[in-house]
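Quick heads-up: structures coming right below.
Paired with chain B in one complex and with chain C in the other, chain A is shared by the two complexes that follow.
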Partner chain A sequence: MGVIAMRRRGLYRAVAFLAAAGLVAGACGGSDDSAPADTTEESSEEAEAPAEESAEEPAEEPAVEAGDEAEGDVDTEVIEEETTIEYGGSVSVGLEAEATGLRPWEDSCSSPCYNMMIAVYDKLMEQDATGAYAPYLAESITPNEDFTVWTMTLRGDVTFHNGVELTAQTIADMFPIQQAGAAGSGAVTAANLVSVEATGDLEVTYTLSQGGSAFPASLARAPIGMVFDPAAAAADSEGYSMAPIGTGPFVIDSRDLDNETTFVRNDSYWGTDPDGNALPYLDSISFRPIPDEGTRLDALLSGTVNAMQTLRQGTIRDARAARDDDGADITLWEFQGNNLGGGMYNVLVPPFDDVRVRRGLTHLNSQEQVIEALGGTGISLPATQWFSPDSPWWSEKVAEAWPQFDFEGGVAFLTEYINDPERSDGKAAGEMIDVELSCPPDPTLIASTQVVEQAYTATGLVNVTITNYDQQTHIGIALGGENGFVGSHQQHCWRWSSDDDPAVNLNPALAPPTAEIAEAAGLAGAVSPLNFPNWFSPTAFQAVVAANQTDDFETRYGLYESIMLEFADQVPVYYSGHTATAIGTDTNVLGLNSWHVPSGELGIGFPSAEGRWSEVFIAS
Partner chain B sequence: MGKVIATRLARLVATLLAVTFLTFSMTALLPGDPVNAILGVDAVRDPEVVAKIRADLGLDDPFLVRYVNWLGNAATGDLGQSYITDQEVITTISQRLPVTAQLAFMAIIMALILAIPIGVLGAYKQGKWQDSTTSAGVQVALSIPNFIVGIFLIWLFSVRLGWLPASNWNRISSDGLVENLKTAILPASALAMTQMAIFSRLVRSDMIATLQENYILAARSKGLSDRFILLRHALRPSSLSLMTIIGINFGALLGGTVIIETLFAIPGVGFRLINAINQRDIIVIQGITVFIATAYVVINTIVDLLYAVVDPRIRKG
Partner chain C sequence: MATTNSSTTPEFPRDRLSNVSSAVAGPTDVAPETTNFLKIVRAMPLRVKMASLWLLLVVFGAIYAKLDTSLFGGALPLQDPNIQTNGFIRETGEFGTGRPIEGMSGSHWLGTDAIARDTFARIVHGSWVSLIVVVVSACCGIMIGGFLGSLVGFVRGRVETIVMATVDVILAFPALVLLLALVSIFEVRNLFVISAVISVLSIPAYTRVARANSLAISSREFVTAARAIGTKPSRILFREIIPNVLPTLLAYTMVAAAYVVVVEGSLSFLGLSVQLPTPTWGNMINQARRDIKINVAQVIWPSLALTVTVLSLNQVGDFFQQRREVRGSNL
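== the complex of A and B ==
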């Protein structure tokens, strides 16, 4: 790394530290990242490296892509690893935070935590490279006609790390623990799951209170999908967090909270690669929480760790510079995914209850300038919907309909509202509107809000107040448990979407936000506190319900497209761009982008910088 | 002496009561619900679970009831249990205190190793170029925040030279002393920079005053060497206020390593405090804050008492 590069990055870090010391903002609310990334292909370059314990010939399947290739610097792409695999060695991974706990049913978990959990637990389902759900610990799963009953057959001859055999009864016994768990209870409710029964040695029957064609997505998420030993969990729930027991590729070896957690190879692991080689390849893997983005990258560059994750496009930018300009021997495994930054307008609070204000403010939001402020130029793409251009759910029609940056257009909408004698905020015609724009105190988010503030102020029509609260407070304000989940927010930074099935994110976001609204719509009881903008549209809600009743992709695509079109028309939410994430590794750490589901298909890769470590290996 | 001790202890108790009340008040005033942090956003959709957790944690009780309950438990050494990790707060602190204490101790030692020669040189060469140069250097050291120093040290010794790890902590118990020192040296150096500047300025000013004393002139007239006079006759009496500052700063460092521990990802008390703040783990925030305040006040009290022991004028006064 050159001195100039160091100075530039050092300045960013100094500013970041000044603003963030003590309040290391995590992720919600847009974060700094709205970025795409390019999955580097250096992984396949070292085909001549000698193998210590050779497997088969290099696979020759063609590259598989998750949807169409994105236009931009980041292509979410998984490919078959062509380098001959090798057994042995250890990988140390720098994470952005310590896991709050390692109990899938109990501990609220985000990207760093999943990296650790996925080492020790297997999920019943996983997403393949196309985003479809494929059996993992399950062998098969089939619904009844109305998707209220799902029958799953488990893989046989699977044992937990403590030697206990996995059976259908295991899954049934997990259910009451999940129902009572802090993380599991919400997931059970969201999935409308009412019972789990063992209907055979390896056959499990899930019953839902409402049809859910996307139910397999719930089995691919930690709270319901990760399989643990219920007897051990019931015996010592707190101890389980420090000494988790799963069926996964690695076994807990030591857990030094806030410093290092080490897992060693599970010699009895059931999984194999498509060539029949036993997994995992590594002898051990350790995870170290390194919250400072710069230090985490420096730890990789200095060899303190040989892998690191980041959810920040600024770090991706710095890592690219280290690799491309300074010749650092690192590989960046970048992933665009559907996650995007932006925010919401609380439509129950004037003046945001008027679509003219929402449209006007959205037209004033220059995503390019915000992306630049976030450090994502050349990394991020502007967003128009909850799906990135490489997602099968992405719609060109929505992209065309989304209100793009148009200063004059924005001024026109705001002027119309301001001059309306019946304007909703009770002010006299001609008076400026008041906007409280709130984001977590992430330095890059602060920079991006200042860009928006400048645009608003330049109109002469908007009084802007910027507020910054720590992430938990920021979420709490939007959640608004104290006032019937309406929240006290106005314009509020937020993150939207993920690579899960659209139902996972859209179901709770479109249900009636309050009991009164639900009753008025004839939907008493169907209230969701997770409808943060408090925007309710009967047509959008009907669309999301209809999408739960069918597994036909084209039908569902049309329904979700209609929802996104309504978003573009009513703009309860706005965007600051797509979000790239990355895992950086030493160049000899391979296999992150070429793990497989048991059927032999390539897995989804590493969304949200969540690596699957069973097929990772170190090339000589 | 007994009266001095009693007065100090009374002040200590009053300070701790004030600290605990303020900490409790401030965390209670924060908007939002700690249950959100415990459950995660997805899980709050189940009102029964939310209500149960609130009841379990006593979050529905009035503020004063919660404070008195907590204070009563704290008085018996029970600082509560983390909402998030389920770990006892006292266990959390006891596991992390050795790390923070080692960092603070190393920082003080490293600072002294540099500060004493610099301070003595400045005093001995008062007004000359050596004094000007060291004073300017000390001023610079005092002006640079320690996290900036830390960032530079990581860049130089980890990224550029590859001599030392950039982050995390090797424990003496599992990795041995040498490996431990490899991870401790950079953060301790970053912490030492400011301490060094403070100590050296103190040594310089005290030494200058001491060097004006008649007994120093007498020693010079006897033909004793400058080195002997500086080290044997001038340094010792000039060290009294230095000792006081060392004690106070050691106490301050126990709570003041937060940023450096976060920067270097070191599992000390400060790092845990930051995590607790981010997770809205109020019990841990309260426990660690009270511990830091207690450590600071206790160490100050001990230093005051020792000072009184060492200097009879204070004891009598």
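== the complex of A and C ==
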């Protein structure tokens, strides 16, 4: 293996919640001092579990500014260190599932799939460590005044794995395929993208039907942003999934479905590290689907694989225990971004059409207890909005406004509704309300569901039925294609937000859910099937549209804050905690946290356990 | 010398019919003294005695738990299986002091699960689901399957062909797959639905067992004699066939029950049995497997309960089947 001694800037995760660090955090957190009712006779227990603070005293939490690290946040600071880069070697990555496919325009991917795709494809844009969008395969991108036309210049001298040169026409030719693709069509619609033209050898012009200041975010997502060879894709779409062709750092070598997919080094890769060294460092990388969480972790611990991903707090907890208590030689690259767990109420279905019920049930949601049931104590932060405390979009005002656990407060709201002779569910005054609480049948989610169920049942006001449907059915019920996208769900587990620009998630979530509602609001045609709670607020929708038409951060911040405040007031959705994810590796697998965008800035890291593998290397 | 008029069918006194049957030595009458409970117990090997004791404990625990919740409102000394000991206590306005995935202690004999519920209480309450499913499936199996099998084994002909072909088709289909398909039809899965579905799938096996026995018994002398004296077929079926098929079915019930417990456990493990938060051994195993690295005991306790129960049912079932075979061979 070739060795290059160099200075690198690394974003190193200190893996914050070692037991000792937990003690320090608990001591510094302020909760022990400020919550005397919770500390009696339990001080030693609380010291062992510092994040198990009661959620009853939100006002006494220390103020956190947007962008700061918060107590309990697993993210770590950027540090400078001397590292020796070494070429060669192979990494085998255990994934939580097989990729649904490797065609960015067609296959709806989640985290495992992206890990593989990012090895073979490059994106036009990428997020840097600050969350800003930086050109990647693009060299630059500029909007017109009203953000309806975006002109992008591509990087030159980039070729696909099959030797075909990347030009502006390539991007233009990709567009019809993306428009027709199962994954691409939705993304094209959401981005209001109406045409893509090659206006020069390397210049591409994107035209949107309405202003979109966050359009670069769409180019950092797989369906529109990942670059593929359109001629090869048109010639054999099905075959492309088995033999993908991109411009990325690795070339497909073999694909054995449900067993192993191997990529080898792309010797003609265009990318270099900040010191000008050719990328990638590894000779090859392979991905193996290992669906069972415990088995995947065991595979890492036993050396069957030398990297694994997880999106489960319980697995992170077990991996930490293996490392800290059993001395396993592993590194945990943890990431806690904006993505958060929780659920939603279908506001078109009684009794959830009444805000008193939504508020009452939300007050009964003990986030700390739910997080504990998820195995995330000391790992996940309770969420109050679609942004984590270290996001620039996070708002303290929203955090204070979010309805915290308040049993009697919740009972009061529910009682008011139940005793209302005009109650919306058609039952007689005084009768209990019926709630169907549905989650996929994952043991972790089952545990958290039962925590919520017990709180509801304890009021004596709510009849709870717990249902568990497989993931596909669960989503289908909420999507409700058969009943005009209203869905038949009541209270439904769901995930919200991501580390993308807020517009990416909020635009579709706030548009009118049905044609009738859209027409009533004078927004005919602006229907979104992705408004799963079916909650429509003209003010929130106007805010999200306005935020999409300006690139002034302060203005956008204010608009998104207003939306989050309306969420806190109307509670169409509720939250548990931010999702902690991790990639575990052997200790000699380095570089996951220190990849760069071409400008030399550090990349975002590994959100949702999606690694970027071009700058990964194996230290001897 | 008295002669008999051969042109007329001999009138056999109705009140002597049962005597004729008995005289031909129907299996039920071979050793009436073995119905003595103490003699049966004494005849049991130690392992069968222990298995029986465990089964009695399970039945007692299930009934006790049910009485506790439905009749005594939780006043009996057994913790509420659904109470999270770290949950909010309305009376005090504070959260409980329990902890999840706790080890064994005086207050929680078998520890607590992932959401701080008492594992012992959940195992005891979980036995109720198993018990009900076993009892209902056995009753349905014996009543419907037993009757069908006895009937077709006795009447034979086209009815037998149709019924047994249907049974063969159902038995040829992978049981668990069929079960999953049936269960998935129901949106609300309560104990009644689960018991009914498992019972439906139990019927073919009972039918086959009953039919095999019915065939054998139908060719016995006492049945032939009953036919010969002109006894109505329905009377033969109910008085001669079914009573003699029944002991075999009862012995088979214990073995079938073991299978039913496993099937219900599998459904629970897959999240397709009774709805949460009702405890079952299967859903306890499923929910505890996430934390297996932290506290393996939470997987072991319900697994042990399931395993020992199945083992016990097999032991007891085998014992009674062997007794039945011995008695049969004595004929």
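As a convention for this text, the second predicted complex is superposed on the first by the 545 of 620 C-alpha atoms of A that agree within 3 Å, B and C clash if a C-alpha of one lies under 4 Å from a C-alpha of the other, contacts with A are read in each partner's own complex, and residues count from 1 in each chain.
Just so we're on the same page, contacts are C-beta pairs under 8 Å (C-beta built on N, C-alpha and C of every residue); 3 or more make two chains touch, one makes a residue touch a chain.
Note that the structure is a prediction, hence the values are computed from the model and not measured.
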Inset, instruction - After lining both complexes up on chain A, report clash or fit for chain B versus chain C. - result: fit
Inset, instruction - Have a look at where A:303 lands relative to chain B and chain C in the superposition and call it first, second, both or neither. - result: first
Inset, instruction - Look at A:294 in the shared chain and tell me whether it touches chain B only, chain C only, both, or neither; answer first, second, both or neither. - result: both
Legend entry - Contacts of A:443 with chain B and chain C, given as first, second, both or neither: second
Inset, instruction - Applying the touch criterion given at the start, work out whether A:451 contacts chain B, chain C, both or neither, answering first, second, both or neither. - result: second
Inset, instruction - Please indicate which partner A:466 is in contact with in the superposed arrangement: first for chain B, second for chain C, both, or neither. - result: second
Inset, instruction - Could you say whether A:401 touches chain B, chain C, both of them, or neither, answering first, second, both or neither? - result: neither
Inset, instruction - With the two complexes superposed on chain A, say which partner A:479 touches: chain B (first), chain C (second), both, or neither. - result: first
Inset, instruction - Look at A:194 in the shared chain and tell me whether it touches chain B only, chain C only, both, or neither; answer first, second, both or neither. - result: neither
Inset, instruction - Classify the contacts of A:243 with the two partner chains as first (chain B alone), second (chain C alone), both, or neither. - result: neither
Legend entry - When both partners are placed on the shared chain, which of chain B and chain C touches more of chain A: B
Legend entry - Closest Cα approach, chain C to chain B, once both complexes are overlaid on chain A (Å): 5
Inset, instruction - Jot down the residues of chain A that show up as touching in both complexes, chain B in one and chain C in the other. - result: 294
Inset, instruction - Would you pull the chain A residues touching chain C in the complex into a rising list? - result: 37-38, 41-42, 45, 54, 293-294, 297, 314, 317-318, 321-322, 366, 369, 372-373, 375, 405, 407-408, 441, 443-444, 446-447, 449-451, 453-455, 457-458, 465-468
Inset, instruction - Sort out for me which residues of chain A touch chain B in the complex. - result: 1, 6, 10, 13-14, 17, 21-24, 26, 94, 97-98, 100-101, 107-109, 180, 182-187, 189-190, 223, 238, 241, 256-260, 288-292, 294-296, 298-299, 301-305, 469-473, 475-477, 479, 481-482, 508, 528-530
Inset, instruction - Provide the residue numbers of chain B that touch chain A in the complex, in ascending order. - result: 30-46, 49-50, 53, 84-87, 95-96, 147-148, 151-152, 154-155, 158-160, 162, 165-169, 171, 258-259, 262-267, 271-272, 274-275, 277-280
Legend entry - chain C residues within the chain A interface of the complex: 82-84, 86-88, 90, 93-95, 97, 99-100, 114-115, 187-188, 270-271, 275-277, 283, 286-294
